[in-house]
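Chains here go by letter, A, B, C, D, E, F, G and H, matching the order in which they are written, and residues are numbered from 1 within each.
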Amino acid sequence: MDNSNPSTIAVTINGETREVPEGLTVKDLLAHLDLHERMVVVEKNREIVRREDYGGVGVDEGDAFELVHFVGGG
Amino acid sequence: MTVGADTLAASDTPLEIAGRTFRSRLILGTGKYKDNQTMVEAITASGTEVVTVAVRRVDLDRTKEEGVLYHLDQEKWSLLPNTAGCYSAEDAIRYAQLGRAAGFTDWIKLEVIGDEATLLPDVDGLLQAARELVDEGFKVLAYTNEDLITALKLEDAGVAAVMPLASPIGSGLGLLNPFSIRLIKSRLSVPVIVDAGVGTASDACVTMEQGVDGILMNTAIAAADDPVRMALAMRQATQAGRLAYLAGRMPRREQAVPSSPTSGMLD
Amino acid sequence: MTVGADTLAASDTPLEIAGRTFRSRLILGTGKYKDNQTMVEAITASGTEVVTVAVRRVDLDRTKEEGVLYHLDQEKWSLLPNTAGCYSAEDAIRYAQLGRAAGFTDWIKLEVIGDEATLLPDVDGLLQAARELVDEGFKVLAYTNEDLITALKLEDAGVAAVMPLASPIGSGLGLLNPFSIRLIKSRLSVPVIVDAGVGTASDACVTMEQGVDGILMNTAIAAADDPVRMALAMRQATQAGRLAYLAGRMPRREQAVPSSPTSGMLD
Amino acid sequence: MDNSNPSTIAVTINGETREVPEGLTVKDLLAHLDLHERMVVVEKNREIVRREDYGGVGVDEGDAFELVHFVGGG
Amino acid sequence: MTVGADTLAASDTPLEIAGRTFRSRLILGTGKYKDNQTMVEAITASGTEVVTVAVRRVDLDRTKEEGVLYHLDQEKWSLLPNTAGCYSAEDAIRYAQLGRAAGFTDWIKLEVIGDEATLLPDVDGLLQAARELVDEGFKVLAYTNEDLITALKLEDAGVAAVMPLASPIGSGLGLLNPFSIRLIKSRLSVPVIVDAGVGTASDACVTMEQGVDGILMNTAIAAADDPVRMALAMRQATQAGRLAYLAGRMPRREQAVPSSPTSGMLD
Amino acid sequence: MTVGADTLAASDTPLEIAGRTFRSRLILGTGKYKDNQTMVEAITASGTEVVTVAVRRVDLDRTKEEGVLYHLDQEKWSLLPNTAGCYSAEDAIRYAQLGRAAGFTDWIKLEVIGDEATLLPDVDGLLQAARELVDEGFKVLAYTNEDLITALKLEDAGVAAVMPLASPIGSGLGLLNPFSIRLIKSRLSVPVIVDAGVGTASDACVTMEQGVDGILMNTAIAAADDPVRMALAMRQATQAGRLAYLAGRMPRREQAVPSSPTSGMLD
Amino acid sequence: MDNSNPSTIAVTINGETREVPEGLTVKDLLAHLDLHERMVVVEKNREIVRREDYGGVGVDEGDAFELVHFVGGG
Amino acid sequence: MDNSNPSTIAVTINGETREVPEGLTVKDLLAHLDLHERMVVVEKNREIVRREDYGGVGVDEGDAFELVHFVGGG
């Protein structure tokens, strides 16, 4: 992703600190990370974000996100 | 050479869990396959209608193809998310909620592990998590050990199915304790699905002969030399064990009994 | 829910005995059924292509309907006459000749019994009769015990198949000695068909998992509470055990191995 | 069967002595006993009689016959 | 013909529980004997040094001879009171306190039963009671099921010995799950005494071969046709299994190996 | 801690073979020990009164110390020469005659081997040799397989003892087929000594519990990590199994039965 | 035991109501019931009475006693 | 052993050809081979030689001897 942009913020995604553009919604974040909404479940600061709220929930400095999906398992 | 669907359907009642009915008594895991194509072929060959999946972080640096949903046609197979890898009720509840939030199902295969080397359940954490998740409206299928008392408490907690192990996860040791499994089945009203430990077809067959309602397996198929052929074997073995249980076996005798007439011999 | 014929055919090679091939690896006896209709339905459900019959005197005072041929469609099932009830090579040879003179087959299921209480074979008489009958052009399928040495001598004598017992005839004790059966199979070139002792589906399944070529059974089906359903179970179990053998089972481990990924857990 | 006929002979059939009319062939005997040829194998004095010979082989005083067929067996 | 005490002593280390050492690895129950004399003779023949007793009301209307203490020489045998019949942690603690108040010992065989039909332990109540009694200074020997996780928690709670069952109390089904018992022994530091389910001598022998520290039994001796002779058998079997475990058994092989030289044969 | 000789003697009758009586029910082989001292110590620890030896050529180029007689005190142990390594009746008879000509005994452990890989007996050759040697006045102890019919013929031939195998020589697989061994014992009058296959103490114990008269073993002791300790274990296990058989075990039950009183509980 | 004594009190012993003389100690009670002190453990109103206190602890109207001992058990 | 002696004969002992002095008895042969009589059984030309005959039975050119004893075996 483009880190040259002066106006970025630091967030934690799946345990790693990442710089992302300022002012994103969760919906924007997934697009930014090139992830399909349907395939991912989002936890923001330990709270699950419902899919219908992706457009309304913002991404702020210091937020911690967990982006999970289903993998093969028994 | 093979058996018609109607014949088999007529020979057994469907499996019912949480108000849904299934013709197959097998539930398959989707882990540990050498590739996704083999997984899909094996699942298809097994005839299962429910497959388990795990909840894990998206790998931001790898292709998004890794998600198992890209390979599983949800028209064919219902998803059963699990809480594998959780060592506390709290973690298991969190993973269950994430699994439900994916929007496919409110069913959860609940695992609360007590020990990394054996993956045996922590029945205390298991009961806590089961009670909480039932309150939250989940349909809980609870992986547990062979203890009748815990099984009874899980039923009291309102789980949709109790899933005692045959032997440790991934061990392939088969049904170590038929007595306990039979005992659990004889005392519970909810479905009893034996989960983990089956190693080969006869393990599945003898497990079903104990009268249980179904079997959940993963490694026995995924780690066979030929997973697709083994999936077919498991499907047949599970049906065979179920039918034999329903048919009522002949008595065992410590002496021989002729199968041809003893009269009408020549001089 | 069920498996297509082509799928199964593709998953296994046919059984070949004396130059004939069969898709089913089950041979059924026709004795001890409560009535002929049940017998025919059970045989049909089992998918077998060969059924054994005994040679006995016509009962001059009873209806001629008693003959089993009135009930067995020879388009569907090949007959395999047996020498059940014979306690000497001489008697067995006589019954074999009578069986062949009926004009249906030159195959014979050879039994030379050594003891009335156990119906165990007299291997000395068995070998004499086998050699004589092979000389006379019979295709001999020899019922024997679990002894490898006798099995090797029967092969040398030119029998078409060696048929060691799982446990005594009609006992339903299942496969008492898998080691010996595996040993016999590993050393012989002719087909090994396990004959007698199977009691329920898992017995058939575990027997086939030893790598043998087929199973012959009678009482396990005829004396089940529901013979037709048990016949279906035996058909599935025999296929399952065969496929599992071919598929190559996972290794047994005395420790657990997770079926879900251990990485990608949440913080 | 009719034993009033003066010209009968005694033969052993399946272990029992029976009076049968004089001059029968094996073919006649089976008919006399109401047995289908196809279903029965005949042993006369310990020798199997081939089906094609039924018409040619006679039934004589003192002959011992075994008439066998297939029954259910394992 | 028999083995000297010194020979045996030299062949094994003593069993140590809560700082006391014992030469016998057998603990015997005192229930269900047809009369007290048989009980005393059987206990003597077994060589045990510890016997369990139950806490019950005095029967005010019967002879005071019923008390078991009238028959047990406390110079010979240490008493181990149990909490048999208790279905809650609270009851078990009460019985334990009464047992200690008798003034003979602060040891307690802790049972918290979860189900009347199977007498299986309620592990939740068991852990509560164990923690409380350890706090009160009891030496707790805890009867539990085959679950490793519970066994580990009991050890953490500070019990003096963990006592998993071989099979249900009084069932005589023997060691149903050697794997779990071996697993528990491999992970615990406190003594593991297998309690309940042993039915005959070979059950005791194979149990000791798993490496456990001892066995507690009652019915197998009391309900044998000849309890005194069976007690002797159990003593020998327990020693035999222990010694075999220490001696290190030969490897299993699926082929034969001559025990006589293959060279030096004649022409 | 240990059992007095008189106690044990009072608990069992002596073993009688060919008119001689023995207090020990163990017969030991003398092969495969790492050194002669270990062999002598193990034999001593086992309490056996009879040891088997093989007949082989003197090695003209090695020290004469190799002869086993230099190490075996014949006051303590009776010799039982064997015909190990013989593949025909003729060879076995020749070795038997050489063994007798040594001047120590007219007893012979008769082996006629049918296959090098399994060392299973050739029952045809075995019966021929047994009949011939009995005619020549030998006391024949015949190593055979698990076949009842052969065992009955050996008894008819006049052997002094029938010695069916537990599993192949040197395999350590234990008692593979208790049913057949029990069957043989139930039908024979001559002593039945189980020969070969025992791997550890519980194998010996469970074998004796079938009611047989004794056990012959070699590798299980010689190839244990600690042969002397294992010899002690085998001695105890053999006595234990015998006593348990005589004592009459408790019945197996699929439910629990309390060992403490259910009455007299507190309010 | 003697119930004719006018001055008795009712106590519960092992679940049964019994009349016992007034003014007994636990020590007296055991003697009264012909029980050996050494063999019995006494619970009074759910509290264990230590053996050394038997002489000092009284038996009063309505007291509930549990008198227990060891019996054969597994 | 001493093979320089001109008057030796060839015999087979335990499958090997050996030169031994002429005119020996079996007794002499065992001594020659340094074997204890008590420990060895002798077969001469497939016939067992009884111990009491060792002194009387000769060793001749071409004789085949088997000298056997007991070794450890199961």
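We adopt the following convention: a residue touches a chain if its C-beta (ideal position, glycine included) is under 8 Å from a C-beta of that chain, and two chains touch if they have at least 3 such contacts.
If you're wondering where the values come from, they're calculated on a predicted model, not measured in any experiment.
When every chain is reduced to the mean of its CA atoms, the largest separation from chain B belongs to H.
For chain F, the chain with the farthest CA centroid is A.
When the interfaces E-H and F-H are ranked by C-beta pairs in contact, the top one is F-H. For the pair chain C and chain G, the distance between C-alpha centroids works out to 75 Å. Per-chain CA centroids place chain G at a distance of 96 Å from chain H. The centroid of the Cα atoms in chain E and the matching centroid in chain G are 35 Å apart.
Residue positions 29, 31-32, 54, 56-57, 82, 84, 117-118, 120, 169-170, 173, 179, 218-219, 254, 258-261, 264, 266 of chain F are each in touch with at least two other chains. Residue positions of chain G touching 2 or more other chains: 15, 43, 66, 68, 71-74. Chain contact summary for the complex, chain C toward chain D: residues 29-33, 36, 39, 52-58, 60, 64, 66-70, 79, 81-82, 84, 97-99, 101-103, 169-170, 196, 216-219. Residues 258-261, 264, 266-267 of chain F are the ones touching chain G in the complex. Residues of chain A that touch chain C in their complex: 15, 43, 64, 66, 68, 71-74. Looking at the complex, you find that chain E touches chain F at residues 1-5, 7-9, 11, 23-24, 29, 31-32, 45, 47, 54, 56-57, 59, 82, 84-85, 94-95, 117-120, 168-173, 199-202, 204-206, 209, 218-220, 222-227, 229-230, 232-237, 239-244, 246-266. Interface residues of chain F facing chain C in the complex, by the touch rule stated above, are 114-115, 117-118, 120-124, 127, 145-150, 152, 167, 173, 176-177, 179-180, 183.
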